[in-house]
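Both complexes shown next keep chain A, but they swap its partner, so chain B is in the first and chain C is in the second.
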Partner chain A sequence: MSKNLIEVENLSIGYYNKGGKLVHVLKNVSLSIKPGETLGLVGESGCGKSTLGQAMMGYLRLGSQVMEGSILFSGKDMFGLSTRDLESIRGNKIALIPQNAGEALTPTMRVGKQIIETLELKTNVSGAATKNRMIELLGQVRLPHPEVMAERYPHELSGGQQQRVVVAMALAGQPDMLVLDEPTTGLDVTTQAHILELLRDIVAELGTAMMYISHDLGVIARVSDRVALMYAGEIVEDASAAEIFKSPAHPYARGLLASIPRLELAGIPNSMPGQPPIPGSLPGCSFTPRCPFATEICSSEPPELKMILQTPHLVRCHNWEKVVATDFSQELKDVYHIVEHKAQDVSAIELSDVEITYHQPNMIDRLRRTPEPPATVSDITLDIKRGETLALVGESGSGKSTIVRTISGLLPAKSGVIQFENCDLTVNVDKRTMDLCKKVQLIFQNPDASLNPRHTVAEIIDQPLKLYFPKMTRDERRARQIELLERVRLDGRYRLRYPGQMSGGEKQRVAIARAFAAEPDVVLCDEVTSALDVSVQAAVLDLLADLQQERNTTYIFIAHDLAVVRAIADRVAVLYQGRLCEVGTVDEIYSPPYHPYTETLMGAVLVPDPDTEPKLLASDTPELAPPAKGCAFQRRCPKFINDLCDEVTPPWQYPQDEDGHKIRCHIPINELLVV
Partner chain B sequence: MTVTTQAVEELSPVKRRTPLADTWENLRRSWGGMIGLTLIVFHVLLALSSPYIVPQDPQLMDAPARNEAPSTEHLFGTDKLGRDMFSRSLVGGRVALVVTMLGTALAMTWGGLTGILLGFLGGKTDEYVMRVVDALLAIPWLLVLLLIISILGTNPWVQTLTFGFTYGYTAIRVARAATLDYVTHEFVLAARARGERKRTIVLKELLPNVLDVLLVDGAMTWSWMLLGFSSLSFLGFGVTPPTPDWGFMIAKNREILAIQPWAVFGPAIMLSTLIIGINLFSDALAKALGLDRSQGAPV
Partner chain C sequence: MIVLIARRFILALITLLLISIIIFLGVEALPGDAADAYLGQSATPESLRALREEFGLDTPAHQRYLNWLGDMLKGDLGDSMARRKPVSEVIGNQFRNTVVLAAAAAIVGIPLAIVLGVFAGLTRDKWPDILVSLVAILGMTLPGFVTATVLIYVFSIRLEWFPAIAMVPTDAPVIEILPNIFLPIITLTFIMVAHILRLVRTNMIEVLVSNYVQMARLKGVPAMRIVFLHALPNAMLPSINVIALTLAWLLGGVAIIETVFNYPGIGKLLINAIGDRDLALVQGIAIILAGIYIGVNLIADLLALVLNPRLRTSRGH
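Up next, the complex of A and B:
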């Protein structure tokens, strides 16, 4: 057995709040990483995983302090070292890869120069050798044409390329260990899958140890040898990836795994009730209030992190034996439920030949007759039935948000018709009647940005009530606010809260309540669950499904997470560069024949199962504009046939009948069936 | 099936405090802020009560007692007309205080609202109006003030309007810049998509978010305006004599600085304590509101 590279022993970190009370962030955390090993650190937001990651770099947030314990890196105490010694360790022995690569790079310096700077500071490479080493590093992170890339500024690179540069910078000092804090969050699925493969390869090649911090169980399953699960500032389970995903022994691990929507299973998973407490605020086990296995001892006695069975599997639970005794795979099968609802055979919204462009020709363009660039969104024809959920799926830049903004009247369409009842929705919101505005409501991705931080919940929900129901009296509105809050399963007392005093899930419920206050016919959901924690996500999906049933509301649901789409949608439209690739019911989309782009997306989805490998087909180089002619996906298509794809817009093909599943591709259906 | 199984979310424990109470709590912890606030309150109370508490009539000319040094009878001595400098210093801020307070309120209101509206509208309107504002800002402010006041006279109401108008340009800039941070936020988009009127969006969605910036800027503007008023007064365009005013008092008693320095020091100390007070307060206010993060944001 080899020696540990880093050892965290009984570490507690906390800060004193304004009242002078000690607030724990981390509580008695112990873990270790061996050379070359990858540890995945999972947990929901606020569980202290980033604090632990930063502590491993010898960094504490302003005001926090180590209450107890230590971090030993190669035998040296990180918090006992002088600033100078810490500096020599950071970058040389242990390097950090942060979440937002765009912010980690200096915007005014060429990326090559930035890497050279790191090399000069952290290694004794000098002179001409530094440039060669820099090119070598860029090649190592598989950036095409490293010489050219080195001359670029950060903003000239895509998000994935920026992240690669940051990885190259981290590798410059040839560290023994990398700490990665959500490095792929915010990237497209395909880009994410590529970066993860790159990291896996680099680690295998150089023997670097990694601590990979993420909230995404799929990502963790792909990269980790071992997984540590955090809850409320404590490690609750620590085991090999295979063990933790196949037979988790902590009730929280089970609950978490059971609340993820799955690509292969239809229906919405169960959600976990409640939310995490402040670390150290409960006398017993922190998970007791949410735990289905809780017994009397759990609320009085905090459990120890102890070894179970023979394998190195650590669990912090009194009742782990009972937990392990229940069959997890069977349990998983039972939790997914389909909320029954009927879509009527009446159109709610009909889009025909919709084209949207951001391009505004200026005077010089008009004089010189510069040809217009291809429209951002083009040739969209969709028929959305009343009471149905249509999901728009695609990577960033696929035009899904653009379409939704046009339907909501925030962006004018260039041509085409969006038929809704007897009105055309291609006009701007200023020109719509109040009644029309009322019928189409919008819910945004990030409730932090979509709720005014200076308004109380009551004021937020009051806005649509005042606007659309001017005859309502104050008391009626008040009663309605409480009723709406209860419909989104929030206590009526939340009326007096400000958004800053609520959790992410609660805020999103308020945003949903605000949209439903208008009693809309159509609700446009723009990535409504992607900013939420997994355990909350399922609850929000469930809520949306229930609300839909009540008034047979039509949903247009934007998402990039294909598993979430599978859970909630009736029909799916796959978009690439503002062009439709494939339209069909959920079952049709999630089984062959696939459009090559759909297949690429499906292949890149990471599932919480360490044995499943993603299938990477297309390159992850994103395109900035659609091609002038031919198939939109031509430049990245793994099944590209010939000039036909370059020149001719592909025809719609119908695997069954003309009303159902349709794929826009030159490749014959029977060839697409072969995956 | 599971529709009814979900319980209503328990109310998570949060100490309920309004943003106002929060700000006050932060402000109370700041030494500078409390000193500043004390100075401001002192001056305001003094302005209200000074006519009733002055030891002598500030306008009474005691010819035999001219240019007297400080004594128990005249704490700050007398000026060359034999007026009691202590009494004059106490009452000398009344007009300045009223004019600048009203002027600041006016400047922040019109400038702030215009700025928010421009930030929200954007596009050509914003472009053109801002160029005009830039042009106006390029003219030295004292010149503008002198010009307007020499035409319209030294009536305090005219002065209030003039100050309110000229100091409003900077408020436009500040409010517009603060608004630009928020217009792209989705709550503004949500309000637009709902079909809310522009007025509602400006007043209900944007104003509450830029109010903190405007408050701090308002406090700064107030101190600038006081200096401006005193400068005007120094040049003889402030109040109509014999009404006492700090700026005018400093101007007139400069000549006897060598023999009776207190005739200048008195009003100077009064003016500077007020301005220092306002500055300390606005600094602390910015920190309490979380706008100035140089000291680390309050957790």
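Up next, the complex of A and C:
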């Protein structure tokens, strides 16, 4: 057994709150990573993952302190080192790849310069060699045209390119270990899959150890040799990736795995009730209130992290034997419940030839008669039935949000018609009647941004009630608020809370209640679950499905997670660069024949199973504008035929009949069937 | 980029034109006119009419404005009625003197303000920051003439280091002016530093908690290098416009200071011109000050454009 590169020994980190009380963030955490090994660190938000990652680099957030324990990196105590010693270890022996590379790069410095900085400070490379090495690094992270990229400022790169620059920056110091804090969260599935493959290759080649922090079990399954599961500041399970995904021994691991929507399974999974407590606030096991296996001892006695079976598998649970004895794979299949759909054969919203553009020609353009660039969204024809859920799917820049913005009246369409109950929705919201506004409601991705932090829940829900039901008395509105909160499964007492006093899932429920307060016919959901933990996501999906049934509401659902779409949608429209590629029912979309773009998206999905590899069909090169003619996907298509794709807009092809599944591609259906 | 600069430039010209109208109307609205002021007690209806005819005050207002505007475009600011000389000639040296004073204050004050601001930001809520901020608030809140008076009391009456007044001949060479204007420079610096310092401090604090500074720290970049290469450039961007405003204020707002120190600058000239109802002179000075104000702001906008890569390349939808 080789020596450990880093050893976290019984580490507790905490801070004193305003009342002078000690609040734990990490509690008695012990783990180790060997040279070249990749440890995945998983858990819900607020479990202390990032704190542990930063602590490994000898960094504590302002106000936090080490209560006990230590971190030994190559035998050195990270919290006993001088500032100068820490500065020399960071970037050189241990490097960070942060979440949101766009914010982690200094905006006033060219990206090449930022890599050179690391090279100058952390390596022996000097003089002209520095620049060559920098270009080499940018090439190594597979950035096209490294010389050009090096001269750019961070904001001139796409999210995926920024993330690659940060990877190159971390590799520049040739560290022995990388700490990766959610490095692909917020990126497109395709970009994420490419970056993960890149990381895997580099690590295999250079023998770098990694600690990979993520809330996404699919990502963890793809990169990790070993997985540590964190709950409320403690490690609750630590085992090989294969073991933790195939036969998890902690009820929390089971709960998390069971709450993930699966690409290959229709239906919504069970959600895990509750949320993590403050570390160390419960006398017994922190997971007891949410645990289906809990017994009496669990609420009084904290369990030890102990070795089970022969393999190195650590679990912190009193009842692990009972957990292991329950067949997990069967349990997993049982938890998915299919949503009953009852879409009517009446159109709710009909989009015909809708074209939307952000381009506003200025004076010079008009004088020079510059030809207009291709519209951001073009040629969208969709018929959405009453009571149906239509999902819009595609990478960032595919025009999903643009279409929803237009339907909601935030952005006028350039041409085309959006028919809704004898009204045309292509006009802005200020030109719509109050009744029309009431019928179309929008729920945003991030409840932190969409709920006013200075309003109580009652005030938030009161707004649409006052606006759309002016005849309601105060008491009636009050009764309605409570009724709405109960419909989103929140206690009436939440009326007096502020958004800051609620968890992410609860806030999103309030946002949903606000939308439903208007008694809408159509609800536009823009990535409503992507800011939530998996454990909460399933509950929100469930809630949306139930609310839909009550009033036969129509949903237009934007999501980048294809498994979530599969769980909730009736029909799916796949978009690329603002053009439709494929439209069909969920079953039609999730099985061949695929549009090459749909196939690319499906291939890039990471499933929580270490044995499944993603299929990377097309590059993840971002495109800034749709092509002037031909197929929108021509530049990245893995099945590109010839000039035909470049020149001619592909025809719609119908695998069955003209009302159903349709694919916009030059390749014949029978060839598309071959995956 | 070029379109952007051109648009800013055109906007600046339009602003200047509007200001010239406002100045003209403002002066028109004053009770009495140059002839009244010039003749004073000895005015008779006949002499007034004669003088008004001579000054061209009997033509309608809009025509006088257009004449003035036309002359101005040719570089002729008209004649000072009270001083019986072309306005440009009256302004000439006094303007130079103000520029010397303001430039000296700026050269001392701006770097000082930035250094102190960074220092205060780095030692946030510790005693160096509290001390610097306290002095800055004093500078901001005390009226200029109070600051000037206190400084005169301390430095020239008590310590006898500097002369209390800056009486120099209007056309003295710069070398001879400088030794006499230490106190006005210190007064202006004291007032000016406060505004810039507070802003630099706030921006610095904001930038220091940003993700990229944290990243630089975790990348193992030495602390001083982080401050100067990663934090300062980003903290300076929002400060540029305030520095420009302060500069413009320096040129226009020194009137009181110049009066206190009896310094022959454009500010003092303006106050005298208002007293004399010397309309052409007031208009001339006002339009020059407005021009500088707009010009400095234009330069600041362009500078911000050059220094901020985000503004320079807009990557639209």
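In this section, the second predicted complex is superposed on the first by the 675 of 675 C-alpha atoms of A that agree within 3 Å, B and C clash if a C-alpha of one lies under 4 Å from a C-alpha of the other, contacts with A are read in each partner's own complex, and residues count from 1 in each chain.
Following the convention adopted for this analysis, contacts are C-beta pairs under 8 Å (C-beta built on N, C-alpha and C of every residue); 3 or more make two chains touch, one makes a residue touch a chain.
Quantities reported herein were computed from a predicted structural model and do not represent experimental measurements.
Superposition of the two structures on chain A shows chain C fitting alongside chain B with no clash. Between chain B and chain C, the partner in contact with more residues of chain A is B. Angle at chain A (Cα centre) between the Cα centres of chain B and chain C in the superposed arrangement: 30°, in steps of 10. When the two structures are aligned on the shared chain, A:Gln501 is found in touch with chain B, with no touch to chain C.
In the superposition on chain A, contact is made by A:Ile364 with chain C only, not with chain B. Contact with neither chain B nor chain C is seen for A:Ser398 once the two complexes are overlaid on the shared chain. After overlaying the two complexes on the shared chain, residue contacts for A:Ser408 are found with chain B alone; chain C is out of touch.
Within the superposed three-chain model, A:Ser12 lies out of touch with both chain B and chain C [touch as defined at top].
Touch criterion met: A:Asp542 reaches chain B, while chain C stays clear of it. Following the chain A superposition, chain B and chain C show a smallest Cα-Cα distance of 5 angstrom. Per the touch definition, chain A reaches chain B in the complex via residues 15, 17-18, 62-63, 270-271, 273-275, 337, 339, 408-410, 429, 432, 434, 437-438, 440-442, 444-446, 449-455, 463-464, 467, 486, 489-491, 493-494, 496-498, 501-503, 506, 509, 514, 518, 539, 542, 546.
Interface of chain A with chain C (complex): residues 54, 57, 59, 83, 86-92, 95-96, 98, 100, 103-109, 117-118, 121-122, 153, 155-156, 169, 173, 358-359, 362, 364, 376, 624.
On chain B, the positions that touch chain A within their shared complex are 1-3, 6-12, 14, 16, 19, 25, 185-187, 189-196, 204-205, 208-209, 211, 296, 298-299. For chain C in complex with chain A, the residues that touch the partner chain are 3, 210-212, 214-223, 229-230, 233-234, 237, 307-310, 313, 315-317.
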